[in-house]
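Two complexes come next, and they have one chain in common, chain A, joined by chain B in the first and chain C in the second.
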Partner chain A sequence: MRRLLRHRGDLLAALAFLSPNLLGLLVFTLFPLGFSMVMAFTNWNLRHQNMFKPNPVRWVGFDNFWRLLQEADFWRFLGNTLFLMIGIPFAIAGSLFLAILLNKESRGGDRRIYPLVISVVAVLVSAMLLGLWGMGASAMELLLGTTAGGILLLGAIGGRAVYRTLLYLPSFTSGVAIFVLWKDLYNPDTGPINLALRPVLRNIQNVVRSIPPFWPRLGLWAAVLLMVAILAGAFRRLGRHWREGDLGTGIFLSATGFMIIPTITAWFWFPKVGAAFLLTLLTAAIVIWQWTPLAGTRDADGRGGSAGGLLLALMTLPALFVVEGLGIVCFNLPAQAANGLHAPSWLASYYWAKPGLMIMSFWIAVGSNNMLLYLAGLSNVPPELYEAADLDGASRLDKFRHVTWPMLAPTTFFICIMSIIGGLQGGWDMAVAMTQGGPAGATTTLSYEIYAQGFQRGAFDKASAVAWIMFVFVLLATLASWKFGNRYVNE
Partner chain B sequence: MENLLPWGIRAVTLPGGAENGRFHPRLREWGGAVIGGPGNMDIKHILLLGLVLLTAASVLTDVNLPSHRRRYPVLHWVTDDNPARVVELAPLKNWLRRHRYPMFTVHLDFANDDMSKFVIQGVSGDADTLVDTFDDDLDYLHDCNLLYNLTPDAKKMGFDLSHTYPAVKATVVRNGRQYLYPTNVNVLDYWVNKAAFAKYHQPPPPRTWTFAEFQRIGRAFVRAANPPGRRPKVFFTNSVDTRIMRRSLGLSAFNETLTRCTLADPRYVRVLRLMYRWTFVDHLLPTPAEEASFATHPGYGGPDFQMFNNGQFAMLYTGRWMLIQLRKFYKTTGPVPLAVCEPPYGNFPNALLFTRATGIYIGSPRKKLAEYFLKYLTSRAYNMQIIRDGDAEPPNPVYARSRRFLDPPQYPNEWGCTAVEVRAIQTIAIPRAYSPFVLPWTVSRIMRTDAEAGFMAGIYTARQAASLAADRINRHIIHNIRHSQRLRRLYDKLRRRQKIIDCLRKEKRKVPLRLITNPFYRRYYVAKGWAR
Partner chain C sequence: MSTNEIAACESPALPRTAALSRAPMARGLIYALCWNVPLALIALTMALPFIWMVLTSLKPLSEVGLANWLPSHLRWENYARVFQVIDFARYYWNSIFVAAWITFLQVLTSAMAAFAFSRLQWPGRNKIFLLYLATIMLPGLVMVIPNYWIMIELHLVNSFTGLILPLAFGPFGVFLLRQFMLTIPPSLDESARMDGAGPWRIFWDITMPLSRPGLITLTIFTFMGTYQNFFWPLVMLKSQSLYTLPIGLLYFNSTSGQATNLLMAAVTMSIAPLVVIFIVLQKYIVKGIQIGAVKG
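Coming up: the complex of A and B.
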């Protein structure tokens, strides 16, 4: 007792120090969280209940949720949110690639630096001469040359710290500033992106016009074969994991289901029914070929995991969609080239607004915290492993596959989960600053809908319901990380 | 390990909390890095000192707030960031003094000019006293019960409806109560840059025209102003108003009793198709992509005013308030010869009446003072200022008759323009139809963002877009009446009336005007001779 009394002062002091934080957590996080949960089950709308209109708030049970699930808009906005998340695997791959590059020292020795200085000066002089001559050397080219040269030179002098700083720059720049910048970059008429695309498209147009339409259209069939190859590789890996007991049967089937989605969409999107038919036929053949092991016994009788399968499906699906899209583009190219290939209208176009935001998100994400996490992960890889691999005669690719990638597995899984959570919650700031959710709702995400329902219409009931549905998605992603993360990482 | 911090405070790092000798005994158990000081200056004292300093700073800031130093009470006015607003307030002080009214100061609040902000502040009990509303806002504020009922005092103090245009009533009155008084009144018309027409040897457009005439004249202009085979850079106009076009064909967004959305109608489909044709085929107006490529002009009104002044838009669909910015351009480019023509019509000429109107926040402790401000809006001092600065039409129609307003002596290029707008306000202007069963914001979003933008983006056909708009709005109506007894009762009553109207119309008999609540149909039925 005396001891407790002696420590009471310390306890009070500690509580006093902690109280601002605890109070903040209680008032600004826990209370709103609980309150929003209650709101989701009531009919609280500012139009009907507020301090100047004291009508009773009624308990409506799951009404708000049922109503939302019946609304076409909700599914459309969920679709938009998921569409914007397609860029996540690419952003993760980009972050990893950058981290590997930035993990190497780029500082030039005394002798190595001279050629670089000479190159930069040469680039600058050439650009200036072109400019003076008026040979298509716009201010943009000059600026581009100078920037590229300057970065090379700085990298040679300052080493990798320069590149790390430059690549991390978007992360400590204000989001709104970035959005305004990209809005200008996407300007259909004067934006640098379209200015750069225009000559490229003109050349493609000329080439496509000069060859028989048969050749570009072949791209659709090539895409079918490529998709089949990707599917075969993924299913083979999936089957191996299942046989070795690393993958549960349920997940094996679910991942298979996920990966045949592009085959199903091909029936709606492919301009040739024949191509969709061929893809379906080959996919079915692969699935049957891979399902055969289900009839046999497993090599190992493991409890089965799912993280590997989920991750595989997550990585394969966007790749398949990209190839599918490219195939369709190739098929339509001759017809479009005949009418003239035009640079996209980006944010003003219903079909390009989402990819536009995705590209910008990719740019923001590659050099972000993900890159830093990978850099930290890379520095933790024991050099002895690389030395051992060197002794075994492993190539660079082998070292990446068998040393770097497995050692970065915990980081990759953490980044995946955080990106999925961020992706589900994201899109609001971009939509507000760049598109206002348009055109025609093309960039309205669930988080933007929460804002619109709650603050623009006062429908706190519905806004909270959307928020809690979103929370369920986020929770599922988090549970997946808790349940399967460790197992995957230790594989 | 010791590092000297400013003001002689020493940072003492205690590895394990034991090896260093000079630290406060209590810190021993905490271990790690702590801050100690020579004279018992530990982190608790620093925290306390910080607290005292912050409290003192807060008190000082509060004492020095500009509002505390004012001689008179301050009313904050949430309004749009319009350069004219400052000069419009300038005569207030003298006016109050001259009439021996209680003195107060009005501060402009541009930062909160967003209805969602005002509503959140309002329902939290702390919003600005005066709030400007525009278009759809009144219903939302009225639903939230955030506006002070002006009816009893408006008549007494002289800012009731007899001091403004009759057509304004629908935009400032709800359930027979006046909640707002207009700060200015406007109809949207096509302002014509006559120099642009002259430049391309085209005759200026007539004051009124049909869809076919609009299309013919527009096509001729775009052909003359742009080289063939190239993407047009000079446009006939910036936009068309589907609401006016639709109404000119006799179709409102809602039925006679405002109980049902009636947009799933071939007339709306026709209007949508015309809009598409004029945008993507005839290039009379810019496509969304072309609009996005216009560089943003930093001044009031964005790029449109600048492009109109330069002749890139031969006509601008706007109101008289454009003159605020246009008159600034005169200084550099010289005055542009102007004319005004009405939007193209089907068979029923009409105009949309817009009102920027001011209301008083119900929770404000200075409601009575704020009423003097509304009284000021009816005054000669304020109205003449509106006339001088070009900010739409004055709210008090008495001043809209002055020659100085209609033909401003210093701007001969504008002569005749304002008269067209005033005539429209007094003759053909009809406010929008607001259904009490669905928020105007929801209607706008469904109609413009979902249906019309979706149709223009090629997601829906015109017929699908029209059905989609009607279905979604009607679904909202059904949901809202299901959740409100009051609305349900009103809905049932109006549905009964609607049935009577439908029967009478079917039998080709005249409909009693009292049965019709939709302001558009009230006028339309009278014009067609269908009402008694």
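Coming up: the complex of A and C.
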């Protein structure tokens, strides 16, 4: 009874404590959420409804959505969003790599040898600088040498924190300032990237012109074979998981569907139809080969491996695209070199704007929160596991595959889901600050389309419809993370 | 590199209790170099854009766009010029003013809500908390358009009030602080209650001081986030006198023409506070990110 009374007193207090934040949440988050749903079903456009044209706002049902789905541009913007997301797995792999490097005690492990390490590094750095100076290095080379030496010395003195700070800075400072900076780095004529690329490209051009034309074709076929090998490996693993019953049929089928996408695009993109044909044929063969023994397997309900299966598919897809891209580049190189290789005009070019943004995003994301999360994950791996692996005579690679990677699986899963959710909503910031969604819509993502429609054209109806379609994608990713994440983490 | 050295790199150096003999010292040294050199090279590559930025900001206009990154002489007056060309000081002040208000409101209301969720017992607590949990994953872009409409209706477009209000009540802070407050032993509250302290006293005198690390973390994150935020300011702010730093930079970027050196000086000055704050407070920041992920 006393407990109940106390709780009644607490209820009033709780309401008082909660109300400011809850009120703000209701007015500026929950109400807008519902209201944007309403907007998506009306014809609310500031151009049609304003003080000069007091047309009533009408309910139009699903019209906005149907119209969007019939628009070629909408699909293109969705494609841009997904295209920019291809960079995500590379950034995650980079973060993991950096975290592993950072996780080692960079000063030799024992406090008593720090002075020795610092003095040896100092001697080496000054020797290097004197050497550079003596060989008559240019001011630029001296600058780079000094900076590298300085970082090395600071690292020897301050340890991990120094490198962590330097690697984390791009993501911590990322924002308009960084985008403006990169816009100038990418300047086609005066930007440092192209200034550095031009001499390199001249050398490549000379080399390519001197090699026989048969090599590039070989490169194309090598790319095809590599794609087949990657596909075969991924299917083997997926198939094994399915056979063992820890991967649901639905997941297996959708992962398969995902991974065949590059084969289909290869049909359009590969310059020689023969290569594309072979690729399609081999993919079909692999799929059939993997599926035959699986026909009539029981368990349709996914178990623990589902998240792993999805991850595998999501990580394989970008690798396939990159190999495909390299194949195309390889094949086209001789013709390009004959005409002269030119540095790309990056953000001003329809084809290079997206890769340009992806390179910048990689630079930002590789040392980001993901790296810090991996670092925390690595320090939580019990050292006994490594000691046990040492006793079994495991190699470094074995230890990574069988100890580090599985122990980091929950972290990886969390990072992947967050990156996918972020990627689906991403791109507007870079587009606003660097490209205005151009050239010719090449960098317009769904989120930038919301901005452009809603705030530049006053089309609240269309912008809300796009926002809700994006929301559905985000929701699906979130639900997937809840459904599979718990299983995965509890394993 | 000889095989011995490679072996030395590969085996992790274990802490030794015995006095250091010469061999482990050499091993430790080589091990240290093996990890330091690649890390330093990667860090240098990552830092190149920043190096270019600072050097370009010190160049005279005639040297911008040359392959040589080094200015012939250092023109520090570029930094002073920025303040004359655009109203940079005002942008700085606006940014800090807005970020300070948002941070103050966010931290205060979040702490109060987190207190209600962690230290008070009341029916329906878990259901309302679930509501908070659900809103954290909502994409902000969905809410932006109705919020803009609300601000049109309230005649708050192009005002700091309209800029601050929607950003001041997020669910994230409630989460983070609840995590911290749950770790405070309940016996403290009980004994304070015995002494006749009301909830407000308990909140202010016991819970708040004990969740200081959480409050600091949330303050840093909110402040940094708002200082960098530019979607909502871009939508809301129309007149130049209200521009925050990111919007001012965008404006300068579109009007500066070829004056890349001044632009880079402005960019350098806008990220310099962030760099300083990170170096000084990195302990809290790194912790906060790792806690935030565990809970998310």
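Quick note on the criterion: the second predicted complex is superposed on the first by the 414 of 491 C-alpha atoms of A that agree within 3 Å, B and C clash if a C-alpha of one lies under 4 Å from a C-alpha of the other, contacts with A are read in each partner's own complex, and residues count from 1 in each chain.
The working rule: contacts are C-beta pairs under 8 Å (C-beta built on N, C-alpha and C of every residue); 3 or more make two chains touch, one makes a residue touch a chain.
Since we're looking at a predicted model, the values are computed, not measured.
Output check: A:Ala440 vs chain B and chain C. Expected answer is one of first, second, both, neither. What do you get?
In the superposition, A:Ala440 contacts chain B only.
Kindly classify A:Tyr350 by the partners it touches after superposition: chain B alone (first), chain C alone (second), both, or neither?
The answer is first: A:Tyr350 touches chain B but not chain C.
Contact-wise, after the overlay, does A:Arg67 reach chain B, chain C, both or neither (first, second, both, neither)?
first
In the overlaid three-chain picture, which partner chain does A:Phe455 touch, first (chain B) or second (chain C), both, or neither?
both
Would you sort A:Thr190 into first (chain B), second (chain C), both or neither based on which partner it touches?
Touch status of A:Thr190: both partners.
With both complexes overlaid on chain A, does A:His48 touch chain B (first), chain C (second), both or neither?
So A:His48 only meets chain B here.
What's your read, chain B or chain C touching more residues of chain A?
C
Quick one: classify A:Asp10 as touching chain B (first), chain C (second), both or neither.
both
Pick out the shared contact residues on chain A: the ones touching chain B in one complex and chain C in the other.
Residues 10, 13, 16-17, 187, 189-190, 455 of chain A touch both chain B and chain C.
Provide the residue numbers of chain B that touch chain A in the complex, in ascending order.
Those residues of chain B that touch chain A are 26, 29, 44, 47, 115-116, 119-120, 122-125, 140, 143-146, 287-293, 295, 362-363, 439, 441-442, 449-450, 453-454, 456-459, 479, 483-484.
Chain C touches which residues of chain A in the complex?
So the residues of chain A in touch with chain C come to 6-7, 10-11, 13-18, 20-25, 27-33, 35-36, 39, 98, 101-102, 104-110, 112-113, 116-117, 120-121, 124, 139-140, 143-144, 147-148, 151-152, 155-156, 161-170, 172-178, 180-185, 187, 189-190, 192, 195-196, 363, 366-367, 369, 372-373, 376, 386, 396, 414, 418, 421, 424-425, 428-429, 432-433, 447, 450-451, 454-455, 460, 463-464, 467-468, 470-471, 474, 478.
If you look only at chain A, which of its residues touch chain B in the complex?
9-10, 13, 16-17, 43, 46-48, 50-53, 67, 73, 187-191, 345-351, 437-442, 455-458
In the complex, go through chain C and note every residue touching chain A.
10, 12-16, 20, 24-25, 28-29, 31-33, 35-44, 46-47, 49-53, 56, 64-65, 67-70, 108-110, 112-113, 115-117, 120-123, 125, 128, 132, 135, 137-150, 165-166, 168-169, 171, 174, 198-200, 203, 224, 228, 230-231, 234-235, 245-247, 249-250, 253, 260, 263-264, 267, 270-271, 274-275, 278-279, 282, 285-286, 289-290, 293, 296
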